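Labels run A, B, C and D following the written order; every chain starts at residue 1.
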Amino acid sequence: MRGRANAGLVAGGALVGLVVLTAVASFFWTPHDPTLVDAARKLREPGGGYLLGADKFGRDTFSQLMVGARTTLYVGVVAVGIAAALGVPLGVIAGMTPRGWLSELIMRVNDLVFAFPALLLAVMLGAVYGAGTLTAMIAIGVATVPAFARVARAATLQVMVTDYVLAARAAGRRRPAIAVRHVLPNIGSMLIVQASVSFAIAILAEAALSFLGFGTRPPTPSWGRMLQESQELLFSTPRLALWPGLAIALAVLGFNLLGDGLRDHLDPKLRRVEER
Amino acid sequence: MSTLKVEGLSVRAGALELVREVSFAIAPGERVGLIGESGSGKSLTALSLMGLLPEDVTASGTARLGGRDLVGVPESRVKDLRGREVSMVFQEPMTALNPLMRVGAQVAEVMTLHGTPRHDARERAVALLDRVRLPEPAQVARAYPHQLSGGQRQRVMLAIALANGPGLLICDEPTTALDVTVQKQMLELIDEVAPALLFITHDLAVVASVCERVLVMYGGRVVESGPIREVFTRPRHRYTEGLLAASRLTPRGTRLPTIQGSVPPAGRFPGGCVFRNRCPHATPTCEAAPALTGEGHAFACWHPAG
Amino acid sequence: MRRIGIWIAVGGLLLGTAACGGGDGGGSAPKAQSLSVGFVAEPANLDFTSTEGAAIPQALLVNVYEGLVKLDQEGRIVPLLAEKWEISDDRKTYTFTLRDNVTFSSGAPFTADDVVFSLDRVKSDWKLKIKSQLDVVDKVEKKDDTTAVVTLKQPSNGFLYSMTTRLGAMFSRTGVSDLANKPVGTGPYVLGSWRRGDSVQLDANPSYWGTKPPLSSITLKYFKDATAMNNALLTGGIDVISSVQAPESLQQFADPNRFEVIEGTTNGEVVLSMNNARPPFDDKKVRQAVRHAIDHKALLDTAWAGRGGLIGSMVPPTDPWYEDRTGDYPYDPAKAKQLLGGRTYNVKMRIPNLPYAVSSAQVVKSQLAQVGITAEIEPLEFPARWLDQVFTKGDYDLSIINHVEPRDMGIFADESYYFGYNNPEFGELLASADRGTEQEQSDDLKQAAKLLSEDAAADWLFLFPNLIVAKKGVTGLPKNAISESFDFTALAKQ
Amino acid sequence: MTFYLLKRLAVLLAGIAVAAVVVFAFMSLLPGDPAEIALGVNATPEAVAALREQFGTDRPPVVQFLDWSGGLLQGDFGTSYVTSSPIGPQIGDRLGVTAVLVLGGMAVALVLAVPLGTFAAVHHRDPLGAVISAASQVGIAVPAFLAGILLVYVFAVQAQALPSGGYVPFAEDPGEWLRGLLLPWASLGLVQGAVLTRYVRSAVLDVMREDYLRTARAKGRGSTGALWRHGLRNASVPVVTVLGLQLATLLIGAVVVERVFVIPGLGDLLLNGVAGRDLLLVQGVVMVLVAAVLLINFVVDVAYHLLDPRLLR
C-alpha cells in the first residue's frame, strides 16, 4: 500500500512535471506559430513537421497543446493563488480564535461564498466584466477560497493544541508571531495537498467554462477551447478532440495523484495506518 | 482436560516471524496471565486465538478450544465460537464500541448473533449491564458510547464478553487505558465474573492480583511459565528476572532494577536466545536457542538465575 | 383535397403531440403529419412589434401572420392577402384588392379595416426603429371591405418591399391584447404550444383560407449548441436543420439515402465592421489596408468550410442590382503594409459569441497580424452584451456580424449606426434610388454599393450560406433564405 | 435536537437573506439598461423611458431591492423585462427539470460508488480493488461535458439506441422522458460517481481500521457482516458530507450537461438570461441556485446530526 501511494506520487509528479516543462518550453519554442491560420494546411494529417496534424484553421495541434499547457497552468496558478491568498489567512485567523465572533463571521461568510459555485460565479462575472481567462480565474479562485479556509482552519485548530504552541502562548508570544512561527509551517503540508486538488478542479472548471464560451478568449490556445472547437469535427477528425481531451485528463489525473500522494506522504495519521 | 490448548503457535507477517512456537494450556476456570513488554507478541497471540489478526498477518500451529480448532481454519468456521465460547475485552474502551449504536443494542447483538431471540436479548442486556455494576443499567442501555466514561465503556465491553457465558475470556490490557481508581474496580470485577481467563498485560502487579499462573513472553516466544508465586519469587529466566527487578516486586536486597538496552523492533531479535543481546549473562552458548523446559515452572535459558 | 387536409389536421390533433420528431416510421400512414425543425435562436417572446430579434418573424411571418404581399423564392413580390394591387401613375397611391374569404384564427373576418388598423398601428404602437421604413406612408384608407388604399408622401421603391416584411403583417383589431404570447393571424398555422427554452409548436390552421398546409403540425426546436442540433438530426430528434452552424460537420450527413443537404443563398452579409468614427479606422487608408490584408477565400475555407459566397459590398447576389465587387480589394498583404506606411496598430475586435463570428475572427486576427495590426478578440454574449457595447454604444474598433436583414444597405446611410460611416453622397444615392424609377433605382444602388466598397466602409468577409439539412423525404424547404421568415407553407414529408 | 434545528434554520434563513442582498447588488452592476435592451437597438427614447417606468427600474436601488425581495417572500420573482412573462413559473418549471436531472445523476453516482467504493476498500490489496481505484481516478479527470459528448456519440449517434438530447415532460410520455434522461444522468453520474467512489473507498477503509469493527468480529460476526452492520453507517457520515458538496456541484454541473443534451433546465435558463440580458430572470435563477445550495448544506448538516449521535449535546 505504501508502495502504491509512492507510485501515485511519482506518477502524479511526473505528469505535473510534464505539464510544467511543456508550458515552460512553449515560451522558447513551439514547432509552429500556434495561432497562425493557413488555409493550405487545413486539417492536415499528422506527420512532416506536424506531429499531431493541424486543425480546421491549419494551426499546428502540437504547438497549440504546448501553449495550451501554459494557459492551463496560468489558470490553475492564479485561481489557486487567489484562493490560498484569501483563504489561508482567514482560515488561520478563524482557527486561532475558535470561539471569537471573528471566527464565526469568517466561517459564515465562507459558507455564503461556498454557495456560489465557480461556474455560477464565472457566468455572473463574465456577464458583468466580459468572458475571458482572467474572469474565469478570479471566479474559480474566489469559489475555492472556502475550501482553503476550511482546511487551514481545521489544521490550525490541531496545531493550536500542540505542546509547542501552548508553550509559546504561555511564554507570552503574540498571536501573529505564533501564526508565522508555528502555525503556517505546520499546516503547510495540508495546504499543499489542498492546492494540488484545487488545481485539478480549476483545470476542469476552465474546460467547462471554455465549453460554455466563458473561458479563454480565442485565439489563445486552451485545451478546453480546443476541445470545444473540435466538436463539429468529432466524427470526421476525432484526433482534434482526442489530444486536448487527453491533455486535460492527464493533467487533472496528475494533480489528483500528486495531491493524494502528498497526503499519504505528509499526513502522519494515514502513514501510521498504512504501516500497520 | 483443558479449556484451551495451544501448541506450536506461530504468527507471521510476510517473512517476519512475530510469534514463534508458543505452547500453553488453560484449564477450566484457570486464570492465566500473559506478560511482556510491548512488541513481545502477547497481543498477537491473543488475536490469533480469536481469529482477529490484521490482514497480511497469519497464524500457524494449533489451538483447540473444547475440541474445535481456532487456528488455520477459515473465518466462517470459527466465527460462531467467537463471543460464545471465547470472548475478548480490548485495551482501548474509547474506540471499541460503535459510536452510532446504543449501548444496549451492542450488548444484545452478541446474543442475537448466537441465537437468542431479540426480545430476550434486550432484557438480558440490561441484566448484564447490571451485573458488570453499571449504575442504572436501563438508562445506560439507551445511551450512546460517547455518553459513558472510559471505565463504564470497559464494563460494557465486559458485559458483551460475558453475555453468552463463554468458557474463556481473553482480556488484552483491559485496564491500561483507565484511571488508577477505576482500574482496581475493573480488576475486581473481572476477577469476580471471569470463567477461564487469559489476561494480557505488561503490569506485573495486575497479573499478580488476578492470575494463578503466568506466561512471560519476549521476542515472540514464551521464555518462562509457571505458577505466579514461583515465577515472581524465584524467576529463572534472566529476562523475567530483569522484568521483576524493574518493577516494584523486587526481591529484597538485589541490585539496581534495570534491563539494559531496549526491546528491538519486530524481526530484529537475535537468533538463538532472543534475549542474549540485552542479557548480562549471555555467552556464546546462547547463540543456540534454548528450549522451554521444566514441569510446572518452565523456562528457556542456558544460564538461569538461582 | 381540402377535405383530406381537414381530416389529416383532425387526425393530427387526436394523435396529440407525441409524434413530434419521432414520426419516422410513417410507412402505414399515407402522409407524415408532423415535422420538427431545428433552429438556433429562440424568440424572446412572440411580439415582433416591440421586440427585436430575427427569430420571431422567422417563426411567425407567412406562417402565422400574413401580409398583403410576400416575397417568393426568386425575390419577386407576389400577392398574398391582396389578390392584386394597382399603383397610380404618380407612384404614390397603392390600391390593394383583398381576398374576401379570409378569417383570422380567432374567427374574425379579415377586412380592409384590419389593413388600416395594422398599418396605422405601426406608426402608433410599434417600438422598433425599423418602423421608420413606413414613414413614407401618408395615410391608409378603407374604400370598401375588400379594398384598401395606401397613399405615400412621395414615390418609394422600398414601400412594397417593406410590406413583405414584418411591417406589413396583418393583425386583427381584436387580436393584439397579448402579442407576446398569443399571436392571432390569418396564416396557415396557428401557435399550438410554446415550451420556453425548448420548442414552439405550430398547428395547422383548420380554417385557413388558402391551400391547406400538408402537415398538421410543425415543431420548431431550439438549439444553442450546433453539435447538439446535428446530433438531434442524426438520431431522429428533428427532421430538419434550418441553418447549419457547424459547416465542417456536414460530412456526417453525406449519406444521400438518409439526408439531403440544401445549399442556397441568404441575405446575410458577414461584415467585418470597422469603426469609421474613431481612430485608427477613421482613416480610409487603414480601412483599405484591412481589406487588402484579408484573404477572403482562405477565410471562407477555414472559418466556414468553404460554404457561402464571396461578396465585395453590401448587396447579395439575389438583389436585382447586384454587381460582383470582390475584385475591388484583392488579397495583397504587401499593398496593405504599404497603405499602413509601416505603422502598427493595436485594436479591439469585439464580436458576438456566435460560431461564425468566433471562427472568422481568429482568421482575421491571424491575417491582420501579418500586416502589423494586432487585434484582440473579445467575444461578447449575443445578443444583449454585443448589442449594448458594440451596436448601441459603438465602443469597438472591429467587429464581425452577419447582417441578415434583406436589402439593408441603407444602414450605412445612418451616421449614428454603429459603423459610424458618414458620406453624404452615399445617403443621396439611396434617397434618389427610392424615389426613382426601377432603372434609376438599380443604377443608383449599384453606384452606392460601389461607393461603399471603395470607401472601405467595412469589409465583407463572405455571404452567409443557406445550409439546410433534412431527412430524406422532406420536401418544400426553401432553398434560399432571402426573406425574414422561414416559410413552412409548402413543407411536407413523403 | 430541536434547539440545534432551530439554530441551524436561523442560520439558513440568514444566509439566504444575505445571499439575496449579494445577488441583487451584483446584478445591479450588470451593464445595460433593461428597458433599452428589451426594446432593442431600434427603440425610440420615449419608448425606453416609458418602459423604464413600467419596469420600475427608474426607482432607487434600495426600493427596487425591497420590492424584489418582498416579492420573493411570496414566491413572486417578478415579470421578465424581456419575455414579459412572470418569472416564478418559468423558474418553477426549470427547477423541476434540473432537480430530476441532478437527483437522477446523484442516484447513478450512488449506485455506482457505494458498491464499487466499498469493494475497492475491502479489496484494497487486490488487483481488482486497485483497478477500481485507478478507474475512479481516470473518471474524475474527464470533464463532464466530454463524457456527455462521448456518450451521445456512442449511444445516440452510433447505436441509435437513445435520443441525443431534448426533454419530454413526464406527463407527456413517461417512456420518452426516461429514455431522454438516461444519457444525461449517466454523464452526470459517471463523473460524480468516480469522485464519490474514492470518498466511499477511503471512508470504508477508515472504518475498517476502527476498533469497533474488531469488536463486532469478536462478537462472532464475519468480517463482511461486521462491515455491513457496523461499518457502513459509520462510513456514511463523511460520505454524506461529500454527498452534499457533490449535490451542489451537480447542480452547477447540470448547466453544462443541459447545454450538451439540450435540456430546458435552470442552467439553460440562466445562460439564456445572461445572453438576453434578462436581468430579473438571471437574478431569480442565481437566487434559486444559491438558495438551493444553502438548503442542501442545511439538509446535510441536519442529516449529519441525525446520523451521528455524538454531535448532539
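In this text, a contact is a pair of C-beta atoms (placed from the backbone, for glycine too) under 8 Å apart; a residue touches a chain by one contact, two chains touch by 3 or more.
Keep in mind the model is a prediction, meaning the values are calculated, not measured.
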item	value
Relative to chain D, chain with the most remote C-alpha centre	B
Innermost chain, where centres are averages of C-alpha coordinates	D
Which of A-D and B-D has more C-beta pairs touching across its chains	A-D
Rounded Å distance, chain A centre to chain D centre (Cα mean)	22
Chain centre separation in whole Å, for chain B relative to chain A (CA means)	51
Distance between the centres, which are taken as Cα means, of chain C and chain B, whole angstrom	90
In chain B, residues with contacts to at least two other chains	none
In chain D, residues with contacts to at least two other chains	31, 125, 149, 157, 259, 271, 274
Touching two or more other chains - residue numbers and ranges from chain C	227, 381, 385
Touch-based graph of the chains, sorted into line, ring, star, complete or other	other
Chain-chain contacts as defined at top	A-C, A-D, B-D, C-D
Residue ranges of chain D touching chain C (in the complex, touch as defined)	31-32, 36-44, 47, 82-85, 90, 93-94, 149, 152, 156-157, 160, 162-167, 172-173, 176, 259-262, 264, 268-269, 271-272, 274-278
Residue numbers on chain D that touch chain B, as the complex places them	125, 210-212, 214-223, 229-230, 233-234, 237, 307-310
Chain C-touching residues of chain A, taken from the complex the two chains share	35-39, 42, 56-58, 126-127, 130-132, 213, 217-219, 231-236
Complex contact set, residues of chain C against chain D	17-18, 21-22, 42, 44-45, 47, 50-53, 127-131, 180-181, 195-198, 221, 223-225, 227-228, 231-232, 234-237, 381-385, 387-389, 391-392
Chain C - residues contacting chain A, complex	226-227, 230, 246-249, 251-252, 295, 297-299, 301-303, 305, 353, 358, 361-363, 365-367, 376-381, 385
